[in-house]
Amino acid sequence: MPIIEVSRLVKEFGAGRAPLRALDEVSFAVDKGRFVTLVGPSGCGKSTLLQILAGLTAPTRGEARIEGERVCGPMPGKVGMVFQDPTLLPWKTAFANVEFPLDLRGDDRPARRKRCAALLELVGLAEFADHYPHELSGGMRQRVAIARGLAQDPKLILMDEPFAALDEQTRTRMGHDLLDIWAATGKTVFFITHSLSEAIYLSDAVLVMSPRPGRIIDTIAIDFPRPRELDIIGSAAFGAIRNRIWHLISEAR
Amino acid sequence: MRAAIAGYLIFVVVLLGGWELAARLSAVDPDLLPPPAEVGAVLWQFLHDPRFLGDLALTANEVAAAFVVAAPLAVSTGFLLGERLHLAETFNPLVHFILAVPQSIFLPIFILAFGIGFLEKVLFGITHAYFVILINSFAAVRSIPRPLVTAARVFGATRAQIYTRIYLPAMLPLILTGLRLGMIFCIIGVLLAEMYASRRGIGQLIFDWGEGQQIPELLAGIVLISVLTIAVNELMRLAELRLAQFRAAAAAG
Amino acid sequence: MRRRALVKSLTVAAAIAAAWEAVVRSGLVSRIILAAPSDIVQAAASDGGVFLRAFATTLAEIGAAIVIAWTLGIVTGLIVGSSRRLAAATAPVLSSIFAVPLIVLYPLLMAWLGIGSLSKVAFGAFSGFFPIVLNTIDGVRAIEPRYLALARSIGATRLQTHARIVFPLALPAMVSGLRVGTGLVVIGVLVTEMLASLGGVGFLISYHRTLFDTGHVYFGMLLALLLAVAVNIGLTRLDRRIGRWQRREQAQE
């Protein structure tokens, strides 16, 4: 059974005269353990789709299912989220921020401390556990956010343009490290971005979304072998896929 | 905006309704809480009573006199200190000390020094209004963006032009806020002085009614003062708002 | 080094005291208006016990009023602030009431609750309530929606969201309100004691004024000032501690 199943999802804003249609009969499925990215131009509705998958907003029509269960609200045990803004709690250390979901859930102390230490190690911030968010760079904060997203051991991680606010170099680095984290944890990742290169580099498959109202134009399988190094970005094959996606989007306007 | 109006209406309705209800409760002593109608009648009589109106006028005069003296003094001092920062540094601790201290405490000294007549109340009101307006005027001067002044000089603006076209519009909002707060503090100071020791004036009337347990008159006085001060406050706030809009329009044009 | 500075300050203070004494004794300023330091010391020596008891009374009244104002202010602020509509309707009303010189309500409290400590505590609490509730509402409204989205996505209950996320985020604004509000509590209690009371520092100040015992008046004022300044310092410390992380966050942005 696919871990994500979306069928004929429609989202409209503003009832009455002229409702704004953000999503137009979106359907797709994502299998377990895969890294799938949704790519599309700004304003196409990809964030809205993620919000629906996260249970933070309800669709107007159609349904989304996670592990066969219909999405009616957030499912913290199953779904972890990483937003574009790390949204760390400023008065808590990196460690405490990662620990926070487990604290709320009521896990007992030794277990959750152990888990958090392991997670910070995983994202490469073990030495910064006692640092406060204002002492960390943008990339480091986002790593903490990723560790926090993994805290409750969800099967699925949703990521909403998590690296969009970072500079080019940090962004590329983070993408590479994210793949290592993904390989180590075996989760399913559903990633959103407007950067074509990022999408192709990271994913097993790329869902291409049209400009508003958003619908899935095509699904492109990415067959580069893993583990992937950054140099594939310059290759001809990579460029060809990029061009293809670019044309798909511009033709859909 | 609509929510605010609704809020006011609901508040007035709840207040009057609750008041009426409470007054009708047999458990409540009608001497302690007369119904709104009775208070309204008393207030109506007051508004036709020359002696009462005389007291009201006296208080208003004291407030006006204090404000008219304090405002220009405070604005100019604030302006001076704002422009000559070395002076500000000398006076800063003194001003902060005075603000940290409850000025109302000095009322007995004022009475010992100036008696309980018109002068004493006006002086007391002046001290209350002065410091608030001073602080805001100082902040107003500091808030002028220096690069703007430099640019104007480079373009050959005369002193007069710099003052009227740059300083004035930039300073106006904070100065107006300071004036509004100064008015509130001035009213508080004058009323307090009248309540404490005075032969005439609204404050003295109210305090006497309180001591004499003349509740209907007392409530009438409270209602009148509340309405008047709220009206003054809202009018001044409206002026601030209008000016802000005017500024925005002038800046755009 | 520090001892040098201390000696310096003490010498300056002693010099001022000596000059002050000389000015008063020379008859330059009437002894009725300006008490000499020796008069103040004499008052302390002869009636120190009475003043100390009064100080305790005032302190107790202030303490009780603070507890009530803080609790009511913060709880009301958190509840009202959590709803956009409620805040939009309520805040302007509260803000307008705050423009009324609350001192005019004291005679009413006097008539209802007598001139003992109860009316002082009630007035003090009422005075302090408004800045606290208004600032708390502002603090809660200012919380960015991303924090609430975070709370939902990690499965926090409503109580957890309010206690662990909303409250800490609103804390700096809240403390700002606590500073102003507590200042008003202190002034409110002292002033109402001056107006009509059976005990407390304010009462003694008034009492001795009627006897022209200026030394005692000044001694009482000194105690009142010490109280006000001590409270102010305490709250400034609190403000500084709480606001630390927020200021650093803002500096980073």
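Letters A, B and C name the chains as they come in the text, with residue numbers starting at 1 for each one.
Keep in mind that, in the parts below, a contact is a pair of C-beta atoms (placed from the backbone, for glycine too) under 8 Å apart; a residue touches a chain by one contact, two chains touch by 3 or more.
Since the model is a prediction, treat every value here as computed from it, not as a measurement.
Student: Just to be sure I understand: the centre of a chain is the mean of its C-alpha atoms, right? Then which chain's centre is nearest the mean of all of them?
Tutor: C
Student: Can you pull out the chain pair that has more C-beta pairs in contact than any other?
Tutor: Result: the chain pair B-C has the most contacts.
Student: Which chain's mean C-alpha position is the greatest distance from chain B's?
Tutor: A
Student: At what distance in angstrom does the C-alpha mean of chain B lie from that of chain A?
Tutor: 55
Student: Distance-wise, how many Å sit between the C-alpha centres of chain A and chain C, to the nearest whole number?
Tutor: Once rounded, the distance between the two centres reads 50 Å.
Student: Taking the mean of the CA coordinates per chain, how far is chain B from chain C in Å?
Tutor: 20
Student: Touching chain A in the complex: which residues of chain C?
Tutor: 146-147, 149-150, 152-157, 160, 164-165, 168, 245-246, 248-249, 251-252
Student: Which of the residues in chain C come into contact with chain B in the complex?
Tutor: Going by the criterion above, the answer is residues 30, 32-33, 85, 88-93, 96-97, 99-101, 103-108, 110-112, 183, 186-187, 190-191, 194-196, 205-206, 209, 212, 214, 217, 221, 224-225, 228-229, 232.
Student: Going by the contact rule set out above, which residues of chain A touch chain C in the complex?
Tutor: Against chain C, chain A makes touches at 54-56, 74, 76-77, 79, 81, 83, 85, 87, 89-91, 100-101, 104-105, 132-134, 148, 152.
Student: Which bits of chain B are touching chain C when the two form their complex?
Tutor: Residue list for chain B touching chain C: 3-4, 6-8, 10-11, 32, 100-102, 104-109, 111-113, 184, 187-188, 191-192, 195-196, 203, 206-207, 209-211, 213, 215, 218-219, 221-222, 225-226, 229-230, 232-234.
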